[in-house]
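Below, chain A partners chain B and then partners chain C, in two separate complexes.
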Partner chain A sequence: MTPHDHHNVAHGGIHPPGAQAPFVFATAQYESGDWDSAPLVPANVIDSVARYTALPVRPQGVIVPLSSTAIMQYPLLYLTGHLPVRFTEREAETLRRYLARGGLLFVDDHNHDVDGAFNKTAREEIRRVAGPLVPLPNTHELYRCFFVFENGPPTTSHEMNGWGDNLVHEHLDAVLHEGRIRVLFSNKDYSSEWSFHPDNKRFLSVDNTKFGVNLVVYALTR
Partner chain B sequence: MTTALANATRAALRDTQRALTQQRRGRVLLLTAAAMLGAVLLLRLLLALPLLARTLPRPGAGDGSSTVVMLAVAALSVLVAVAVLRARRAEWAEPPLSRVALWIEEQLEGTPTHALVTWTELAGDASASLAPNDLLNQAASGIVARAADAGTLPRALSRRRWTLWRGPLLFVAGATVVLFTGELWLRGAGARTIRTVTGFDGRTPPAPASPTGGLGRLRIRVEAPRYAGIPDSVFEDVSSLRALSGSRVVVEGEGLGPDATLAIVGTDSTRRAAPSELSAEPVTADGWRLRLVAQDVPLALTMRRGEASRLLIVEGVRDSLPRVSLEAPARDSVFREPRGVLALEARATDDWGVASASFELVVSSGEGERFTVRTVHIGVRQLAPTARRANWRGTLDLAALGLGPGDVVHLRAVARDAHPLATREYGTSETRAFRIARPAEYDSVAVEPAPPPAVDSSLLSQRMLLMLTERLDARQKRMARAEVLRESLRLARDQQKLRLAVGDVVFQRLSGESSAEHAHYAGDGHDHGVDQQGGKLAMSTNSSTGMLEEGNDSPIVAINKPLLEAYNAMWDAGRALEQGDPHAAIPAMRRALEAIERSRAATRLYLRGRPPQVIVDLAKVRLTGKDTGQTRPRSSRLAIPTVSAQRDARLVAVAAQLAQDTSAAGNGARMARDTVLLLRAEALADDPAFAAALGRLLDAMGAGGDVTNALVAARRVLGNVRRTELTPWSNGGPP
Partner chain C sequence: MPDHMPDHMPDRTRIRGRAVLEGLCRLGAVLALAAALWRLGREQAAGREQQAAPLVVSAALTDSMLAAELIRARTAAPSDTVSLRIAQLPSPTQRAMLGTLAMSGAVLSWQDASASRGLAAQVLRAAGPGEPLHVRAAVPRGTATLRDAGGLLDSLVVNRDSLVAWQLRAASAPLRLETARATMSLPMPPRSAPRMLRVMGEPGWEFKFTVAALEEAGWRVDGAVRVSPTARVTLGTAAPLDTSRHAVVIITDSTEVDAASLRRFVQDGGGLVLLGDALRIPALAALRPARASERHGGVAGGLETDQPLTGLERWELTPLAGAQVLQEASGDAAAGHAHAEPLLVARRVGTGRVVASAYRELWRWRMEGPDNGLEAHRRWWQDVLATAGAPAPAAVHAAAARSVFAGDAAPYADLVGRIGAPADTVTVPTSPSGQTAAQVTRSTSARTPWSAWLGVLAIVLLCVEWGSRRLRGLR
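And now, the complex of A and B:
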């Protein structure tokens, strides 16, 4: 199998030479915790990417074990959960290589609680694997690379309703490498906000998943 | 006259006796020396073995070790010498005169008359009743005269000396040569190891690695961090040295202080400014001193004064975190009630020492969106900071944690090394999770997977089949061949049934469906993630990436690989049994059993609801219908030169520089040496073989002369070119 063939297979099918391989939304499956707590988020982000962009996109996401080198084939990796996160040595090593090779890990705290188990342990694991998280300025190009979010990350109904830590988080955190985001960490609970069937978007006056498009575009172009 | 004859005979006998005694004593001394040399040679060979195996000096070895070795060698030699002398003490005594007389008579031509022996016994024994008469005196003196005539006796003495001494003498000579040349070779190997790569084990390189380059001789002192317990090391004029990360490196020289810059050497030929402070200070009116701190990455210290410049590579050796493994409990568990005591056991290893160890518990309670978490440390142990290995145990009382239904306990072992930094990371083991079951989860329809299927009671277990096969193998010599074949075929049938059952499990798990609705088997025309190759199964190339579709959370990779291995091993075992060869089947059956055990350990049940599968209808979302257009093909771009290609180009440039500037002290040669030094520092992390080849090249450059072979060897290592070693029988060939 040539590298080109491998690339095509990894994205869900064989494509003729020269054709663009579609973007595949990948959810990280890790050994500890509840990695599958937001099963509808991938479909919602895929729907938004298809709705607002001309990017070729695969209609169904994939679940990739974090310990598998298969994660190297996906530019964006989504990781969420409520429970404590403890990466195994293999998961940590694979993730370290993934980030060093230019992958983007999007971690969302499904508890939206800075005192929660997920936030504490996931931050600790991210620091161990990728380095310390720092506040991401709301002027970062992530908020302008497709849709423009003047005030930084969009708020979620969960934090506005006072659940979780009862805070409206002003910014996201990130691990940056030479200006580029390696790890994006959110306490805003997009996992709850975006976890609905995409057909129900028609009931929303403003689509709250547009920020997901920015995430995908940023991961694909930066 | 008679008295004169007797005296002459006696004197001749005494002389011969003295000569024979000297020969015997010489042989004893030679044997002693040979034994001592043999012992030294053996001990040196044993001590040299680790050097043959290692590539770099081990950390922590100091100068004191050589003194101990010398004392051990000396003590062993003395012991061996005493033992040999004691064993050979009979040979040390003088031979009796009668034996000397007999020996003299034996050296003469013709049959011995024993006249000299008789004369010696009569003349030498005062108590004898008979004295030698004249006739006997004359016969004895005649024999002595014949022996002395024409050099017969001296020739015989020389011949005997050679016969007695040649064995031990040859051994002593050979052992001396081997010891001397071996010592030279070992010193050379040691020098090759440390000349340019000076370890932090206190060794001083035997020769300058590079010319002074116009900055005078340098004196470099490495002060390791106190917690590591390594003594300070001092080097003279090395161009590269290894130091534990955090070590203070002090470079001292003479004359005016040079302009110095410090940079981190990246593996991709980049240089970044080193964050550590580089401080320069004058020591005396005619001296200077630079201080820097070794880091985890190679640092390049460039010193310039006028036209002269020097490069010093400081290879930082990272103090790695302790490696921790949790031995017990061995796997995750779900408890029906929060009761019971778990035995905990963990072990840790560290390169410098484990300082403390404990077990860390994260207890999370709650459900849905509400969780509380608390962290508990138990079994905390403080250890001697020099302990490279640590084992510790503890007990976990579940009742004491006050757990409720649905609570989860995450357990891991934690070990810290002696590094004093407050923000220092610590080593952790893998995490085990223990969950207290909720009373309602057993009757929930959302719980997957289903209870295990009813076991086919007609199947024999792999362990039972193995035991039966071993028993048959032990008995087959006493059995008729037909009987062996009949029993072996019966076992083969049972093995086949078990193999097919394992195959069913493999296909069920791959599909995630019940086999009742849709039977799966190899070769049924659609993809299961496995291919059938000659009766055996192999992971399909399309599925070997570990990628799963959403909604299918079976840990395929973890489960199926051991099961596939078991399936294939059972296939091998079945084939051997069908051929009536139970002995050949046993290894494959053991492999199958071991693979099944691994598969059992890898199975982890996710007691969660299966998430819904949503497949976005892209055409509907984009309001475009079916996409039948052609996308514009992307133009292929030029490949970025690989790191190896860049390094190769730089190595070729070095060769060109060396060819232009053949003088070892020339500017071109110095620049080439600095390039090789930097190349080596860059390659340390990702291509150690190339770095080692460059180290040999640096040695060759430092020694002067032709470096073509070292350059060619380094380029071959970089290009992964392997050539067959030339032997004396190769009859020439390319270099």
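And now, the complex of A and C:
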């Protein structure tokens, strides 16, 4: 996957006059760590959004350097990895500006390990850029805005797979600003859970990517 | 003539004639003195009557009665002072009559027996998220002080009878207005349930950031967006659209709408903002203030300049009949628009207002614009809401009472403005044109009375009689 020409997407060149610009799933590319550790996630989330909602969605996602002001065109950003994260000053400044203006950053710990390098370093970086993470109540509207998740974030099959911290994480963490989620932080390893080809959803009794739809719907409406 | 006729005969005739003349002079002097005394008595009586019984303006005096009295007073003595004793503030018609009299050059003098405080004040809550208080008062010359339970809020010194205004974010009852003459307790209107904004649109960044900008500015927002054929995301209560609950409806794009309820809402006084693509909704064609015909791209990189709106896509708007262009962009030949382009157009529909904005995807201003993009985006929305009927409070200002009041809001100030202050505090008011309208004073007439002329006549006659007798050698 390579970075796209964002301007072509953002300024309406591909949608007809009067039509709404489609949602574009954007993955954050940062200089440290392995930002591209879950390349199948975007396609899977895009497939679910198209499958369950009437939202116009671009079939392909984009990859946006975190140091680039191009991230301002994508108010929902997905960031994952296994390795330690250390934002450059430019990345930190751009992300700080992005979040202050209303962007939403979804960070998923691909290690599902609270003692792991990614979790520890990413939390530090989030604190530095956006403030401390706090537990997000499982009654939050994120869990009800499309599909209803009565018990909060859906458990993944990877949380208890013998790797990582081998814990079921009861809730997600977030940085909130005036009631809105600015940063959503997960140790549930949705990056692994959603890493399969969308065609294989037909083999699942319950589609485990539904929470991804809630995330997109929440980002687009709140 | 015979020679023997005595030569003293002509002298006798002359002497007799002089005696008759002297007698007539004495008689004339006596009559003139008598007339002078009679006239003097009448004048004094009239003066006493005028001093003792000014025209009383009270509830019993109807407009026609006052008119008759004023005509009588002016006809009887056109140059005399018209004295009034005002026991109750005159009606608007009566004030107009008195004002007209003063403007005509009559000298009016009045005593204030109305027990009026010389103050008029009104407290209103402005529409807006915080519902700030607007205090407006007509105050006499001097210092006006505003206090609440927490103490002094502000004081102003005014050089003439004026309207003053304050805008208060909050105040604690009791609110008091004080001047040198009076203190007035001002009732504070209760907070109303603040009206909401309804945002309608397709789920997307424009919808999200419009709601965000409005909520960050303090508005309560509700609405619902359809995210699938069977599912909606609801914000707030999403109660039925009604002007008692909602101030303005904002449609962010070409979404599906209930045109009948929107038309009813606007007809009943609600505001409607059509943003960009919303102008292309066929069902709203009868409401829109402008036709959106062609879409223009934004200037590349324009969002990061000091004119970020040039970087946004916009529709070319053609204002329809009855619409008013509120904002337009100057022609830009380089961009292919040699003529000025309307950007914000408004039109009154029923008792409501519909506002059209040419811009598409305003959210980019907030996200991709310069450092002040976030604040500027919020402010832009506040301005648009003001044009749609949810105004931000106006700036505080003080102005002359006469130019502001029609009269009924502050009858005392209106009366003073028309005929001047009561006689106890004599001033010389000016007319709106700046010329002296009436000299308000207790002046007396400068004309020499008839009694004096008659007295002079008596003296002259007596002098003639005395001179005549002395010339005859008599004493």
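One rule holds in what follows: the second predicted complex is superposed on the first by the 205 of 222 C-alpha atoms of A that agree within 3 Å, B and C clash if a C-alpha of one lies under 4 Å from a C-alpha of the other, contacts with A are read in each partner's own complex, and residues count from 1 in each chain.
Simple rule for what comes next: a residue touches a chain if its C-beta (ideal position, glycine included) is under 8 Å from a C-beta of that chain, and two chains touch if they have at least 3 such contacts.
All values reported here derive from a predicted model rather than from experimental measurement.
Chemist: May I ask you to decide whether A:79 touches chain B, chain C, both, or neither, giving the answer as first, second, both or neither?
Modeler: Touch partners of A:79: none, neither chain B nor chain C.
Chemist: Tell me the contact category for A:64 with respect to chain B and chain C: first, second, both or neither.
Modeler: A:64 contacts chain B only, not chain C.
Chemist: More residues of chain A are touched by which partner: chain B or chain C?
Modeler: Between chain B and chain C, B touches the greater number of residues in chain A.
Chemist: Which chain A residues contact chain B in one complex and chain C in the other?
Modeler: The overlap between the chain B and chain C interfaces on chain A comprises residues 10, 17-20, 69, 73.
Chemist: Within the complex, which stretch of chain A touches chain C?
Modeler: Residue list for chain A touching chain C: 10-12, 17-21, 23, 52-55, 69, 72-73, 75, 98, 100-103, 145-146, 178, 180, 217, 219-222.
Chemist: Touching chain B in the complex: which residues of chain A?
Modeler: 1, 9-10, 17-20, 27, 29, 31-32, 34, 36, 39-40, 42-43, 46-47, 50-51, 56-57, 59-65, 68-70, 73, 82-84, 86, 88-89, 111, 113, 116-118, 120-121, 128, 163-164, 192, 197-198
Chemist: Chain A touches which residues of chain B in the complex?
Modeler: Spelled out, the residues of chain B in touch with chain A are 362, 364, 369, 371-373, 408, 410, 412, 425, 428, 430-431, 433, 541-542, 545-553, 555, 557, 608, 611-618, 621-622, 631, 633-634.
Chemist: Using the touch rule from the top, collect the residues of chain C that touch chain A in their complex.
Modeler: 202-209, 211-212, 215-216, 225-229, 231, 233, 235, 253-254, 277, 280, 295, 297-298, 313, 361, 363-364, 366-368, 373-374
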